[in-house]
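Worksheet: one structure, shown below.
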Amino acid sequence: MKTVEEIKTAIETAVSGAQLEIVPNGSPSAEHSLLVDAAHAFAAAKFLRDDAELKLDFLSNVTGVDWLDKETTEKVKVTRPVEKEVNGVKTMVDETVEETKKTVTPGYLEAVYHLYSMAKKHGPVILRMRTGNRSDKVELPSLTPIWRAAEFQEREVFDLFGIIFTGHPDLRRILMWDGFKDYPMRRDYVDPDDYEYEPTAHDDVLKRAQAHLAATTTEAAQ
Amino acid sequence: MGLGERSFDVAVDPELKIELGKQGIFVTTIQELYNWGRKSSVWPMQFGLACCAIEMIATTMARYDLARFGAEVFRPSPRQADLMIVSGTVTKKMAPQVVRLYNQMAEPRYVIAMGACAISGGPFKQGYNVLKGIDRYIPVDVHIPGCPPRPEALLQAFMTLQKKIDEQSLTGENRPRYLNVDAPGEFPVPEQGEHDLVPASNPNVWTVPVVIR
Amino acid sequence: MSESLLEAWNRPPTIEVDGEGELLEVAMGPHHPSTHGVFRMDVVLDGERVIKLKPVFGYLHRNHEQIGQTVGYLQMMPYTDRLDYFCSLTNNWAYALAVEKLVGQAVPERAEYIRVILAELTRIQNHASTIGFLTQEMGASGTPLMYAFREREKILDLFESLTGSRMMCNYMRFGGCRVDMTEAHLNAARKIVTGLPRFIDEFENLLTSNEILMARSQGMGVLKPDLAVNAGITGPMLRASGVNYDIRKVDHYGIYDRFSFRVPLGEHGDIYDRYMVRVLEMRESLKILEQALKDIPAGPFIDPKAKIRGFKPKPGEAYGRIEAPKGELGFYLISDGGTSPYRFRIRPPSFINLTVLEDMCIGQNVADVVVVFGSVDIVLGEVDR
Amino acid sequence: MPPMTSSPYFSLAILFFGALGFGLAPLGLAWLWAHTFAPPKPNAIKNAIYECGLESKGDAWVQFRSGYYLYAIIFLIFDVETVFLLPFAVAFTGLTAGACLAMLVFVLLLVEGLAWAWAKGVLTWQ
């Protein structure tokens, strides 16, 4: 089977204008993945399925991943002109000052597709698509028209992560009930507090139990 | 003791009963007969939720044979069943249906909470979609710990339930729910709100457990 | 694949109703004797014929994936037993394979043999139970199921003596198994394996040439091969449509290459083919078991240097998959260097095999929907995760 | 008027009332028991239509396809035929040839009706 680099060049030749990027995979399994920009994802996927040499006709797995906003603080040497008293004369001297710079890389939602070929019995080719950010730009092209296997799995990613798949024939919630409002598998989801009881409570269950105890005692006090 | 004065809870003197039994005379009260009849043919409702349901099916199969307790007839419809075995995890999406099925069962009805999930959410307690135990909405008669409980544990639960039915008295103060008029016959079905079930629990069935250290 | 093919098998076929009779909407809902647990199908009926069928999931969504991201790698192993609660050992193996791929952990010889033996025993008891439930839905109320469960009890006894629990074995570890399979266990397994061919022959005599089974299943719920491939169907359902794709032969995971066994394929892709493929797969599993039990080597049952508890894999991801009795069961783990995975994803074969349930059931009678659904062989713990 | 007990149907009447009593007595006892002990507690949820645990939407009294009525009519052929065939079969041995011929004509008439319906394709379900 072709390596990820060859597949990258093959897609770039077939789908003009597709920005592709290889996402390295640190684990020993070394299954590197291909990051496709959302605009050309549909055409690239169709090429992967129809290409005579690759023939990736089997979409095995669609996964939603939620990457939070990352705050990276690093020490950075900055030279800045500073007013200094040099033997009685005020002169501007630039001086290297150590500063901690907080950079916030915006988080995003990601859909990962594992592709195999049943005809040629090779795979996996891993395709990744990322949304703009985690709040309003959450659309991604749906690959259900290409692989019918994506139908339920994309509905599940929409239900649990909130990625809206444009072009999906029937995008509804699949696992949670229809009236449910938030997206439970996101990293910042806090599930409702319903008296989770534990004989030896610890960390957040203990905090909630103490909150309940406080609430009931104040109630009793009134 | 004519039918007129309804004082059936005067039990028969046990020694007299044994003595007469030796002579081949069988003495009983209507209550004993009534309870014996009901406890020996408890018809469970075909209601499997998760892994415990497979152990329940294994209990009805040839090796563990639930038929010895008169309970191998699994009725699909709640109208013909008098025991609901909640076998498996009750999720928040399934909770309204479980409570509605319980309401639609004919009285007298009993509930066995089979497995840790039905009792308190079990291993999936941290799940956002898991109800922390079915006793929040409906009264539970027998709890079976275990994940999944072995078929023998389910058989022992049936024996416990049969002992419980046997001790029910027809009249007087501790008669069962379905026999006294003012006991609540209806258990409200929770709605599925935007974030959680509304109400989170049925107040007159479940109270918050207070940990006494 | 031409352009037209894109739309052709993308949507289930729709039947236009000539407006004679009104349509009846029925929910074969969460509490229904035929739905193997809490699964719901909203069926639109024109008299007896099915016009539309919309499956509804989520009644047993127990949040495996969120729990997987909070507890550690090892603590997630007992949860995998509760995914497909008929085949806990193959679930364990799939998860162990994924983590071994994530950390690059080798598995000693004996552990590989033990894994193959237990996986094939699980496959046999799963296929036997599936056929039992399938014939129960066709009306044989319980008799074949009794036969299947009688054999399943023998296999569960071996699992219980080996792993401590009948259904929830929690037996595999990253780099091998938790406990060694002693000579007594191996002899018990040999005794089961010598008894099984007689059971399968008895099962076949009872069912294969039975007219009711043939009348109720031949030509029903037909699944075309190219729709099966495009819809991601895997396992016996795919092979019954004639597509030769068995992950034991494709991925060469474990030591399946050392055993000679064949992959049964069907031609028509109907319910009878799925039944036959499962029966033949049971026979192939027996062949594997005989060879594995014959030449299982001595040696460590787990890699002594394997890190099991509280290890922190390097940031990276891995997708491990095996041929579970119901299809391709995969675990996709993304690690960010912590003790628990950043993203824990389960590729559920039953959930995806239900994609084509509507295609197979439209135009059939309601009674056949129950049989088609039974032939797909799903377990709700894995469907809703 | 001969005394009632000697008429041939008297034993039949006893048998009939005995059977009726045997059937109704337990029901009456059960009704009496429930009436005295178990107070009826109907409520909206209990009386709702059972549809797999959900609230049942829509109505089941829908107009079925006409094909079903034709099936019912054709069933009538077999039903009426067996009603008439019963006494014929009981007294079959003591009948003359003419009676057999008459019954044959009757059966053939009905079979001819069935053959016509079959030819029209009513039985094949499209």
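Letters A, B, C and D name the chains as they come in the text, with residue numbers starting at 1 for each one.
As a convention for this text, contacts are C-beta pairs under 8 Å (C-beta built on N, C-alpha and C of every residue); 3 or more make two chains touch, one makes a residue touch a chain.
What you see is a predicted model; the values in this text were computed from it and never measured.
By count of C-beta pairs in contact, A-C exceeds the other of the chain pairs A-C and A-B.
Here the CA centre of subunit A is 30 Å from the CA centre of subunit C. Mean C-alpha position of subunit C lies 47 Å from that of subunit D. Subunit B and subunit C have Cα centroids lying 33 Å from one another. The set of subunit A residues touching two or more other chains comprises 175-177, 184.
Counting partner chains per residue, subunit D shows two or more touched chains at residues 52-54.
In subunit B, the residues that touch at least two other chains are 93, 97, 101, 126, 128-129.
Taken as a graph of touching chains, this assembly fits none of the simple shapes: it is neither a line, a ring, a star nor a complete graph.
Residue ranges on subunit A touching subunit B, taken from their complex, read 175-177, 179-182, 184, 189, 191-192, 194-199, 201, 209, 212, 216.
The part of subunit C that touches subunit A in the complex is made up of residues 1, 6-7, 9-11, 57-58, 61, 63, 65-66, 101-104, 227, 229-234, 243, 245, 250, 313-319, 321, 328, 330, 332, 334-335, 342-343, 345, 347, 351-352, 354-356, 384-385.
On the subunit D side of its complex with subunit C, the touching residues are 51-54, 56-58, 60, 62-68.
Residues of subunit B touching subunit C in their complex: 46-51, 53-55, 57-58, 61-63, 76, 88-89, 91, 93-94, 97, 101, 123-124, 126-130, 147-148, 150. Listing the residues of subunit C that touch subunit B in their complex gives 29-33, 37-38, 58-63, 66-67, 70, 78-79, 82, 85-86, 145-146, 149-150, 152-153, 156, 166-168, 380-381, 384.
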